[in-house]
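Both complexes below contain chain A, partnered by chain B and then by chain C.
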Partner chain A sequence: MSALLTVLLAPLLAAVLILVMRRMSEWLALFGLTISAIASFSMLMNAFSGILPKIVIAGLPDMPLHIASTPLTALLSAMVAIVSFFVVLYAAGYMKTDPQKPRFFATMMLFVAAMQMLVLAGDWILLLAAWEIIGLSSYLLIGFWYQKPEAKSAATRAFLITRSADLGLYIAIFILIANTGSSNIAQTLDGPTSMLVGILLLIAAMGKSAQTPMHDWLQRAMAGPTPVSALLHSATLVAAGAILLIKTAPILPEESLLIIGVIGGITTIVTGLIALGETDLKRMLAASTSSQYGLMLIAIGAGVPLAALLHLLAHAFMKSSLFLGAGVFQHSRKSTLFNKLRGAGRDHPKIFIGFALAALALAGIPPLSGFFSKDTIIAASFSSSNAVLLVPFALGGTILTGAYMARAIRILLKGERLAQPLAGLHFMGSGLSVLVIFAVGIGFMFSQIAELLGEHLPENPVAIAFGLAAAFSGLALGWLVPARRLLGQILPWAQNGFSIAGGFDAWFVQPAVFIARQCDRFEQILYQAILSIGQAGLYLGRAARFGDERAIDKAIFAFVRNTIWMGGRARSLQSGLIHKEMALAVIGIALILAALFVYIFTN
Partner chain B sequence: MLPIVSITIFLPLVGALAVMTMRKLPRQGVHAIGIGISGLTLIGTIFMWMRGVEASGFSQVEQINWMPSIGAAYRVGVDGISLPLVLLTSLLFFLTFIFSAKVKDRPHAFVVLMLMLETAALGTFTALDAILFYVFFEVSLVSMYFMIAGWGHEDRQRAALMFFIYTLLGSLPLLLAILGLYLGSDPNTFDMRQWIENPPLSGMAAMLALIAMLFTFAVKIPVFPVHTWLPAAHVQAPAAGSVILAGVMLKFGTYGLVRFSLQMTPDAFREAGQIVLAFGVVAALYGAFAALAQKDIKRLIAYTSVNHMGYVVIGVAIAALATDPAIRATALDGSVLQMVSHGLVTGALFFMVGMLQDRTKTRDMEKLGGLLAVTPVLGWSFILAAFASLGLPGLAHFPAEFQIFLATLRVEPWAIIAILGIVITAGLYLLAIGKVFLGETSEKWAQMKDLELREALTLAPLLFLIIAVGVAPFWILDMIHKTTVALQF
Partner chain C sequence: MKTDLILLMPEITVAIGVVFALIAEMFRASRTAFWITLTALAVATGLTIPMLGLDTFVFEGTYRIDTLSIWAKLILLPATVMSVFLARSELGGTDREGAVYILMSLVTLAAIFLSGVGDTMLLVLGVLLAGLASFALVAYPRNDAATEAAMKFFVFASVTGAIMVFGLSYWFAGTGSTLLDDLPLLGDKPILAILGLLSVLVGLGYKAALAPFHFWAPDAYDGAPVSVAAYMSVVPKTGAIFALAQVISTLPVSSGWPMAVSILAVLSMTYGYLAALVQNNIVRLLAYSSIAQAGYFLLAIVAIGTSDLSLTALVIFAAAYAAMNLGAFAVIMRVGRNLHELIAMGRRHVMLGVAMVIFLLSLTGIPPLAGFVGKFLLFAAAIEADFLWLTIIAILNSVLSLAVYLRLVIPMYQKAENKVALTPMPWVSITWIFALFFTIGIGMLAQTILGKIG
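Moving on to the complex of A and B:
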């Protein structure tokens, strides 16, 4: 079987096996992911030597499904394979004592398979399917501990907000298929509709990548198990939005790029400030994810999707490492509140070193990977025709990253040591360490990656200087100045998630519920009205019957009486009031029919 | 060649007559006959499926002269539009008989009614003669009326009355339209194939006939504002009745919309297309919003039927308005598949609500909660069916709705506003799942039993097909598409 299908089917098969056997679920999951990863790597190697397989499967009439390996998709697929494997390795330890383990690993496998499908999809229908199944699996995983009320509401919210945004993708796809006559992604588009398509795709991506103003669900999604956060913040759910824009960048018109860049810029600042004001480590990491994806959108807006892609890759490893580290601290202190985590880094020094390396990488300190990826983004924003707008955003986002990461490191480092043995630390440590190695070193592979994609890295010494200055000043600020002082007056607003006039609830949920109530009220009026019309009709019918019975021929009269008798039999079935009318109605229809037949015969 | 179509249609009727004669037969025996007969009927329809449909026109036609002087005859046959519905019908009846094996209240009458209803339903979808169609159409209504009145829940009288009023008002216009078409055809005939090949009416006459038919079918589908019988009837009907009502009988309306309105008065339909489309859009959105406000889970699912059938109306209206045959085929493919998907998904949901009600004696979602932990099989099955109903890709509704919306955007972009429905249904299903299945389990339900074998056997085929249609829709779409691409009007 081809590598392309193996990448997708191995995790799915593992999910089925886990559900059937209900034992050894972590091993089955790891086995499935190993097979998938091997296939994914062979695909990437083939891509380097120019072999790009493609599969066409039957789908809807005239719209077959395509799975295609391109340099871009092979690369993304390999990233998904690596991150998911090590996150699941970590989860084998993290979920060791959970009785619902099989369900957890089976859903994780579905999640990974859907993400691989999204990455490799060569046509819009498959992409849309993968996009929505990612939404389903994140709903199931965020709500994994479904008896907890916060898990229930967080899962519902995540699915609803992303699905509302998904309408953008649906309509964009309909317009694209209508205009190009094909469901294939590799089509170009021009004319006035292309702007509309660009905005619609952006809306969909904003939902999935938690961009302002749709950022609030991501922080609440922390109600799920930590490995879930590690996966959905790095290589899967959130990444889907940016991947959509990177994949479609070639068909996006110039004007829509500016909008994308500005949305990304606003997000990186707004969610960066939220991260700085957080009182909870995992929620801070979640806000940071939105902020980093904001930086990627800036790069796409600057017309250099390659820079966004590189930051996406680096971020996947950095953020999964950070979450996995946070999960260990959470297990050891039974909380993720900063107040409870003071000194938690000293409990597990090795884990802390991994966490700190990933944090410094994210802040953009050379020679860690984040330095290279941030540098390409800043260079890209300098090269843009809208540099005046985008450069301040990119630098602001970089300063904020340094500040909140320095703050987190400081809190974890300063405080009492409370060492206690931890179950499953083995698995967790090994999963984390490999991801940290990637977070540190992947930057050195960027030039090969650019070569594979046939593009050049943007270079700009001024950008490097500015980027380094921003990163170091951010770190210094975060380390030296308390967040309260940094944020000043806006602290309460930031801690409230910058929600504007009640946020999603006030703007969408409440109006929908209001309309629903009105419909329901109208419904009752309508029901009563028709019921009374009906009752009036029945009385009329009864009155009219007397007249009819006298006028009708004797033979028919007997027929009717027979039927009334039959109606009486029917009534004995149960004590109905209207069986007689019912029977009469049937006979009435029969009479009309008979009369018509006679009429037709005689003519 | 064996007249499989006729044998299949009348097998349940023969079974009903047999049960009537065996008054002494114990309950188990009666139910066994019901399951056996409907199983054989299912096999019969599978035979029909294996024989397949031809590229154009009707296949497997069986014909007996009846009243040659007026052009009425017994004529039955199938095409790619009716065959999927025939398969759906026989499957749902078979599963309903399995599910209803627990009915202790007057089992003889119950089985007889259900079998008669099955013959009527199969006949409605296969009739190629307008008189025959009308007779089957009417008989099914009478059977369903007795089903609600006889085996319904607490407020069945009022619901049955509502159903009855609509029945009376609803069917007469269709009869007038049929007579109009008959008088317009030359030579006079009730042969539906002739009417489709050469639409007999034109101009004002065609428009009047269309309006009459639209009224009948709008009641049946049901379309806002003549839908109020549906929630009432569903809530009061027994689970078996709800499944058949939603899964099979609502399709009489949409099937009639395609077979009669679209195929026999195509020009008039094209003229009125915008209005029909508007009704579809309103029904889809109104149904979704009304469902969102419900606290009774059965009412909630009933209103989502208004929403889903609204999409079918949109699809058929788009097919009428489209000038490009390829787009028309896409719209009709989506509409017919949507009927099948709705039957599978809503059938499964109504079965599960029945199972819930059997256990908890309530349909009020506020009183339930945390049931996933005590009844995982039922809970996960419900979640699967609910996600199918909200249109998740990989499950049955997605390919259908995708095609309908795609065609809509290409022909009448304004109507794409109906797509808002998929977000509203997502919201209402997630809320329902949250209320009923997630959260803390209260003491009251801690001892609840999960599915028994009979219930699992009822659900398993539906859940399997929901996934099969979603993942690989072509095994059913190919049959539909064969007919829809060949349609000429």
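Moving on to the complex of A and C:
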């Protein structure tokens, strides 16, 4: 119980402390995350031995807030804790000379706390709150270097696209609560509304996990600091979408699964091609993230969320390792463009080995973790009732992964060596190396994890064969054939982010701008109308003032004068002569007597 | 009989205090008389507190121990204490100083009897006792103005007292009893009921200074010492109003009392504020204001029997009125009787100025002060009793009252020309600080107090 709260509160407290003290921010952050990670691990150990604590906090009436540890949430929480700890360890070196360090680490802590809350949330309202905080902190982090115009616009774009997709989550939650009367996530739903809810949840997840056609913001989000990208792509922001679907997989109806699978399939191919055509290392990794999450959606679509979860875990370690490696190369070459990075791997051979291991893992080479997770996804797609549709997608995605990773390794390896001393390399190296170890070895844990969750890994020798073939052929293609030849006619299109007939701009931005212009014109008319109404009001007011001065004021003055005159009369009544006063009193008595008699005789 | 005496302990204490103070005064020990009076009043207040919630009577219905009479003691005894403070400050050191405390105690005793009156004879006794002691209080300075005022007061009281005794004989003729509890027997004898009611209105109307029986009040207040004026505007007035409430509570409606009382209310409120508007003597201004405030009290009386709020409203407004009126008089005592003496007072004596503004705003009925709570309850009671027209007139008069009281506030913050420092008066300061405390406290804690009444 206390471990459950510590997981959430330690990073939050660290954020507050950092903001208050404004120094030693990296140490405070690491300390908070250490505590959080220890708590998270004890929670995971408890989950293995069957102890599943749960905290209920009074929330809205009849809708208490739940924080619950289940095998699934404990596992995800541990993953978030590990990845965030090592990313922050890396960031301690990466951000060493940045004057805005406290702001950076405080926001990172908020980000991690929100992610833990999202993972552990047992009810929709808490989940929604966490979802929104994640959106906010990612906005703050992507726009961390707000002096750079591209960072600013990237932050806004990421925020707006994910926010519009969030509407799906809001509506889905409204429908769920309205129909079941409970905010508990475990509530199931039948009938046509469940289909609607499934699609709405999918939209929300597509926004956060950058699925086609909403994949564009993720690549632009590279404008933020590299540790942010590493965290964003592995364990937090992007993962939120997939985690949402994994958590809700039990309540999703059969029909919506197919849609999820197809969306995932399209994404994995489209963004895989984009990655292959990319000219910038970090943007390539970003596109690859979309592509890998596409694979996870295929697994969910195939009805095996376990496969998606395993790939999510493996991907978190692999992708964070890749980003951290890329960050080192970026520091050493002051750029992330492939042209500038040629031979950068030779500058820092140890870092490069880590990077290459993670890349091979991502491509799916045994015995690295990516092999196992991809294998389960392919096996899952074979076992699906829609195998005809999903298997080609899964295999295509695997081939593309191999191809673009091989291309990246080749570029980093072949070229001149430009050795330069680098500040903070120890922090970065140690953060990276542990993550690489996880990326390499986590695959051997999969059977225990499946056991913890009470499920079986789908096994299929045919799938293994196909998967291996796809991975190796992808690697070979990427190594041997230049991307230009591989993509051929579609290269410029892929480099453009597959802007279908003008892309996002033409389909969404320009209509929006058009509507905005029309609204503006309408508002001009409205403004004129209101202005003329105001003018008319002014004229009326002037007329009224004229009447006031001439008539009402005079009446009021007369009234006041008369009141004072009456007061004077009242005083003169008070002459001070006792017999007159007595007479007045008697007249008063007589009047009241008369009134009383009138009253009696009229009743 | 034994329990009757126990229930009468507060009254007996005050009477014993009077006797001992009188003895002390015989030995020219005014200071001792002062402390004896204070002790007796304080002990009597303390003895009253355990009685809260009782609803009974003593001496076979002659004297009622109910919400009104118990709260009357809790309001009037401390008000007397504050008046004694003021008197000590104003008249301390003069010859026969102790007589003032004794007379005040006697008037308070009479006012307390009035507020629990259950018999027409006790009513007459109370009015006469209060009257006799009051004449002496007004005449205390022994100058021309005081003597004339006391004389006028006496003539007025004699005439109205005679009318009252005469009128009450009709009630006795109709019921064969002097007990107020037998008044319902008058239900089928409206003429007798009316004549008696009229006489009671005259007798108590004079005591409460209700228009048109108020003529003595401005002269008496102006002729008397300020502390006596402050005392007279609070204690006998409240006693008379509560006595009217006691009488009305058993009087059959067929006598037409709601109409008669509401006529008096309208006359008092309107006449009082209109006359106050043109006064330049602050004591006279406050005298007229107290006539108008007495009219507001009647709003609760017309609601007796039809609204549950009427008793609560009476009690709260009485407490609020005592605090704010005594406070205003205390400030006047320090500053002076004339309007021009107020000029720049608020600039030179910041705390005193703020206190005066608060008292005046409370008299007007501005939230969150005591006067607002009192008036609010009065209006609510009257509306509940279907006297909407009366409430509207009362609200219009409140607007008029703002003009009256702002006439005092404005000079307080004008630029100073002459700089006259005020002499420090410790007892007066204690009084206005207490009054300020109650004026704000009753306003803020209205909810808590409401729960304790009724």
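Criterion: the second predicted complex is superposed on the first by the 500 of 603 C-alpha atoms of A that agree within 3 Å, B and C clash if a C-alpha of one lies under 4 Å from a C-alpha of the other, contacts with A are read in each partner's own complex, and residues count from 1 in each chain.
Criterion: a residue touches a chain if its C-beta (ideal position, glycine included) is under 8 Å from a C-beta of that chain, and two chains touch if they have at least 3 such contacts.
Please read these numbers as outputs of a predicted model, since none were measured by experiment.
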| First (chain B), second (chain C), both or neither touched by A:L136 | first
| If you stack the two complexes on chain A, which partner ends up touching A:L526: first (chain B), second (chain C), both, or neither? | first
| request: Using the superposition on chain A described above, determine whether A:R517 touches chain B (first), chain C (second), both, or neither. | output: first
| field | Touched partner set for A:H456, first chain B, second chain C, both or neither | value | neither
| note | Max touched-residue count on chain A (chain B vs chain C) belongs to chain B
| query | Given the touch rule stated above, what does A:R23 touch, chain B (first), chain C (second), both, or neither? | reply | neither
| request: Considering only the touch criterion stated at the top, classify A:K414 as touching first (chain B), second (chain C), both, or neither. | output: neither
| In the superposed view, which residues of chain A touch chain B and also chain C? | 570, 574, 576, 578, 581-582, 585, 589, 592-593, 596-597, 600
| chain A residues within the chain B interface of the complex | 58-62, 125, 128-130, 132-133, 136, 139, 143, 146-147, 149, 152-153, 156, 159-160, 163-164, 167, 170-171, 174-175, 177-178, 509, 512-513, 515-517, 519-520, 523, 526-527, 530-531, 533-535, 537, 570, 573-574, 576-579, 581-582, 585-586, 589, 592-593, 596-597, 600-601
| Complex contact set, residues of chain A against chain C | 563-564, 566-568, 570-571, 574, 576, 578, 581-582, 584-585, 587-589, 592-593, 595-597, 599-600, 603
| task | Would you tell me which residues of chain B are touching chain A in their complex? | result | 69-70, 106, 109, 138, 142, 145-146, 149-150, 157-158, 160-162, 164-165, 167-168, 171-172, 175, 179, 188, 225, 228, 231-232, 286, 289-294, 326, 329-330, 333, 370, 372-373, 387, 392-394, 398-399, 402-403, 405-406, 409-410, 416, 419-420, 422-424, 426-427, 430-431, 434, 437-441, 472-474, 477-478, 481
| said: Considering only the defined contacts, which chain C positions touch chain A in the complex? | reply: 151-152, 155-156, 159-160, 163, 190-191, 194, 197-198, 201-202, 211-213, 215-216, 218-219, 254-256, 259-260, 263-264, 267, 271, 274-279, 400
